[in-house]
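Both of the next two complexes hold chain A, though its partner changes from chain B to chain C.
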Partner chain A sequence: MATPAQLGLMDAASPVMEEMIYFHDHVMLVLILITCLIFYSMLVLMFSKYIYRFLTDGHVIETVWTVIPAIILVVVALPSLKLLYLTDELDNPQLTIKSVGHQWYWSYEYTDYYDIEFDSYMLPIGDLVGGDARLLEVDNRVVLPVDTSVRVLVTAADVIHAWTVPALGLKMDAVPGRLNQLALQCSRVGTFYGQCSEICGANHSFMPIVIEAVPVDVFESWCDGMLDSD
Partner chain B sequence: MSDLRPPSSLCPEKRTSLSPLNFHVFPAPTMADVPAGRLPKPQMRGLLISHLKKHSAIALVFAMGVTLAYKFAVADPRKRNYEEFYKNYDVKREFEAMKEAGVFHSARPSWESSDD
Partner chain C sequence: MAHQLMRAVPRLVARRAFSTSLARAGGGGGGMPAWQINPRNVYEDRPDFPMPNVPYVSELTDAQKALKTKEAGDWNSLSDEELKQLYRLKFHKSLAEIEAPTGEWKTVVGGTSLIIALTLVLYIIQKKYAMPEMPSTCNYEWQEAMMKRQLQMRNNPVEGLASKWDYENNKWK
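Take a look at the complex of A and B:
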C-alpha cells in the first residue's frame, strides 16, 4: 500500500506494473530534458539585452520546433502503445474470478472449479486491530495463487464502480450490464490494497479491495475452508 | 603646483624625501607611453545570433547532462533492483515470514493457533 509522504509509484507486484514503472521513468527522461531546456532558455532570455530589429519571419526555426516535438511524441507514443497492448494480453488464464461492485461493497465469485461466493465489506474503524490500515481493510479478502495467470471479470450490480489495485497496475470500470476483463498475475506473495475508483455514492470511499497472493497449496486450502464454511 | 609621482618604473626620478612637499604629480600615461600592439576588434554585428548559438549549445549540454544523470542514477538502478529482487526470490520463504508476522487472513501464524 502507499506509505506516508510517498511521492513515487508503489512497488510493483506484477510484471505489467513493472513495465508501467519503467515506462514512467522513460517519460520522465523526456520531461526532464524539455524542462531543463525551457528553464535554461527562460533564464538566459531574462538577462539578455540583444534584439534583432529586422526580424520578420523564421521558416527554419518554425520547421525545427514542429519536427522535434513530433519526434518526441513518437518516442513517447511507441512504448506507450506497446504497454497498452501488453495490459490487454491474457496468457491462458488458469483461474477466472468475478468481481461485482455494489453500493457499497464488492462481491467475488470463484466459479471455475468451486462454487465460492462472498461479499467483501470494509472493516469499520472499531473492528480494526493493531497494524490494520484505516479505510483499507475488509472482512473477506480476495485470495489468489501467486505466479498464476488470473482473469478477473468486473461488473456492477447498480451504478458504475471501478476495481483498482495500484500495486498490480490494475484498474477497470465496473459497469452494470457489462463484463470487463482484466489480466492479473501476482509476482510475489503479500497483501495488495485498492479502493473503488469511480464515484458511486455516499460510501464510495469506503469500499476497498484487498488481494492476498499466496502459494497455490495455501490457495487450495483456503478454497476448501470456504467450501466447508458454506 | 605639486606633483604626485606614481611609484612605478615609468617614473625615472626617485623620490628622495618622504616629505609631502617633495611629491611630484605627473600626467596619466598617454598612447605614446603604451607599448606597441593592437586591441582586438570587438564584434560589431550578429551579437544576438552568436549569443543564441552559444547558449543553445549550453542548454542542450545541460539538459542532456541532467537527463543522463536521471537515467544512470534512478532509472537503470531501479531496473537492476527489480532484477536482483526476483533473481533469488523464494516464494515459500517469503510466505512463511509474512505468515508468521500475521499478514494473511487465509493463513494464520503458528503462534496464533498454539495460543488457541
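Take a look at the complex of A and C:
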C-alpha cells in the first residue's frame, strides 16, 4: 500500500508493473526536458530587452517545432504500445479465479480444482485493530500463490465496477454481462491493496481489494481451510 | 447575447480597445512602408512602433501654432523649453517613460495575498466549527502501529518504506 505523503508509484510486485515503472520514468524524463526547455525560453523572452518589430511568419521554425514534437511522440509511443500489448499477454495460467463486483463488495470464485467461493467486504472502522488500514482492510482476502501465472476473470453482477491493484499494475473494468481477462503474477510474497475504480454508487469508495501472495504450500493449506469451513 | 456582442465589437474598435492592424499588399506607395502596424493613424505609445504616424496633439492652440511656425525656421533659435514643448506636442511619453516600471506588481501580489489570507481564515473557521472529527485511525498511536505493520509486511521493499528499515538491527538505516 502507499505510505503517507507518497508521491511516486508503489514498488512493483509483478513483472508488468516493473515495466510500467520503467516506462513512467522514461516519459517523465521526456516531460522534464520539454518543461525545462519551455521555462528557459520563457525566462529568456521575458527578460530580454529587445523587441522584434517585424515578426510575421517563420516557416523554418514552424517546421522545426512540428517535426521535433512528432519525433518525441514516436519516442514515447513505441515503448507505450509495447507495454500495452505486454499487459495483454497471458503465459499459460496455472490458476483461474473469478472476481465479481457487487454493490458494494467483491466476491471471488476459485473453481479450477475445488469449489471455493467467498465474499470480501470492507472492514468497518469499528472492527479494525491497531495498525489496520482504514478503508482498505477486508474480512476475506484473495489468497494467491506467488510466482504463479494466474488468470483473473473480472465481471460484475449489477453495475460497472473496476478491479484494481496498483502494486501489481492491474486495473480492469468489471462490466455486467461481460468477462474481462487479466494476467496476474506476483513476484514476491506480500499483501497488496486496491480499491474499486469505477463509480458504482454510494459505497463505491468502500469496497477494497486485498491480495495476499503466499508460497504455494501456504496457498494449498488455505484452500484446505476454506473447503473445511464450507 | 449575440446581438449584444454585435453591438459591443464596433464600440470597442472605435475606442481602440484592440488593434485591427492589417498587412498592406504590395510595396509601399507614396513614401509609406509596405506593412504598418497601425494603418488607421491613431496615436499609440508602443516601444515596438516608436514613431506613430500622427502627432499626439493634433488640435493646436494659438501659442502652439506659433511655436510650430518657429519650428519651421532655424532650430538653433529654439530654447530648451521650446524643444521640450515641441517634443510633448509630438509624443505623449518618452521611451524611458513607456518602459518605466509601474509598480503594478505590488497591487497584484498584495491583492492575491489578501484573498489567500481570507481563504485561509475561512478554512480555519470551518475546520474548527463545522467539520466533523477526524477518524481514530488518524491519531499518532494508530499511525505508529500502521507503520510497524507495514514494516512487518515488507511494504514497498525495493525503494520504499521497508527498504529504509534495517531489519537486523531494528532501526532506520
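Assume the second predicted complex is superposed on the first by the 228 of 230 C-alpha atoms of A that agree within 3 Å, B and C clash if a C-alpha of one lies under 4 Å from a C-alpha of the other, contacts with A are read in each partner's own complex, and residues count from 1 in each chain.
The criterion applied here is as follows: a contact is a pair of C-beta atoms (placed from the backbone, for glycine too) under 8 Å apart; a residue touches a chain by one contact, two chains touch by 3 or more.
Not measured: the values here are computed from a predicted model.
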Which superposed partner A:Ala12 touches (first chain B, second chain C, both, neither): both
First (chain B), second (chain C), both or neither touched by A:Gly131: both
First (chain B), second (chain C), both or neither touched by A:Ile51: both
First, second, both or neither for A:Thr3, with chain B first and chain C second: second
Partner chain in contact with A:Asp224 - chain B first, chain C second, else both or neither: neither
Touched partner set for A:Tyr22, first chain B, second chain C, both or neither: first
Partner chain in contact with A:Arg141 - chain B first, chain C second, else both or neither: first
Touched partner set for A:Ser187, first chain B, second chain C, both or neither: first
More chain A residues in contact - chain B or chain C: B
Intersection of the chain A residues that touch chain B with those that touch chain C: 12, 51-52, 131, 188-191
Parts of chain B lying in touch with chain A, wherever the complex brings them together: 47-49, 51, 55, 58-60, 62-64, 66-67, 70-71, 74-75, 78-79, 82, 86, 89, 91-92, 94-95, 98, 102-107
Residue numbers on chain A that touch chain B, as the complex places them: 12, 18, 21-22, 25-26, 28-29, 32-34, 36-37, 40-41, 44, 48, 50-52, 131, 141, 143, 146-147, 187-191, 212, 214-215, 218-219, 221-222, 225
Contact footprint of chain C on chain A as seen in their complex: 1, 3-4, 6, 10-12, 51-54, 56, 125, 128, 130-134, 188-191
List of chain C residues in touch with chain A within their complex: 23, 35, 37, 47-49, 135-137, 141-143, 145-150, 153-161, 163
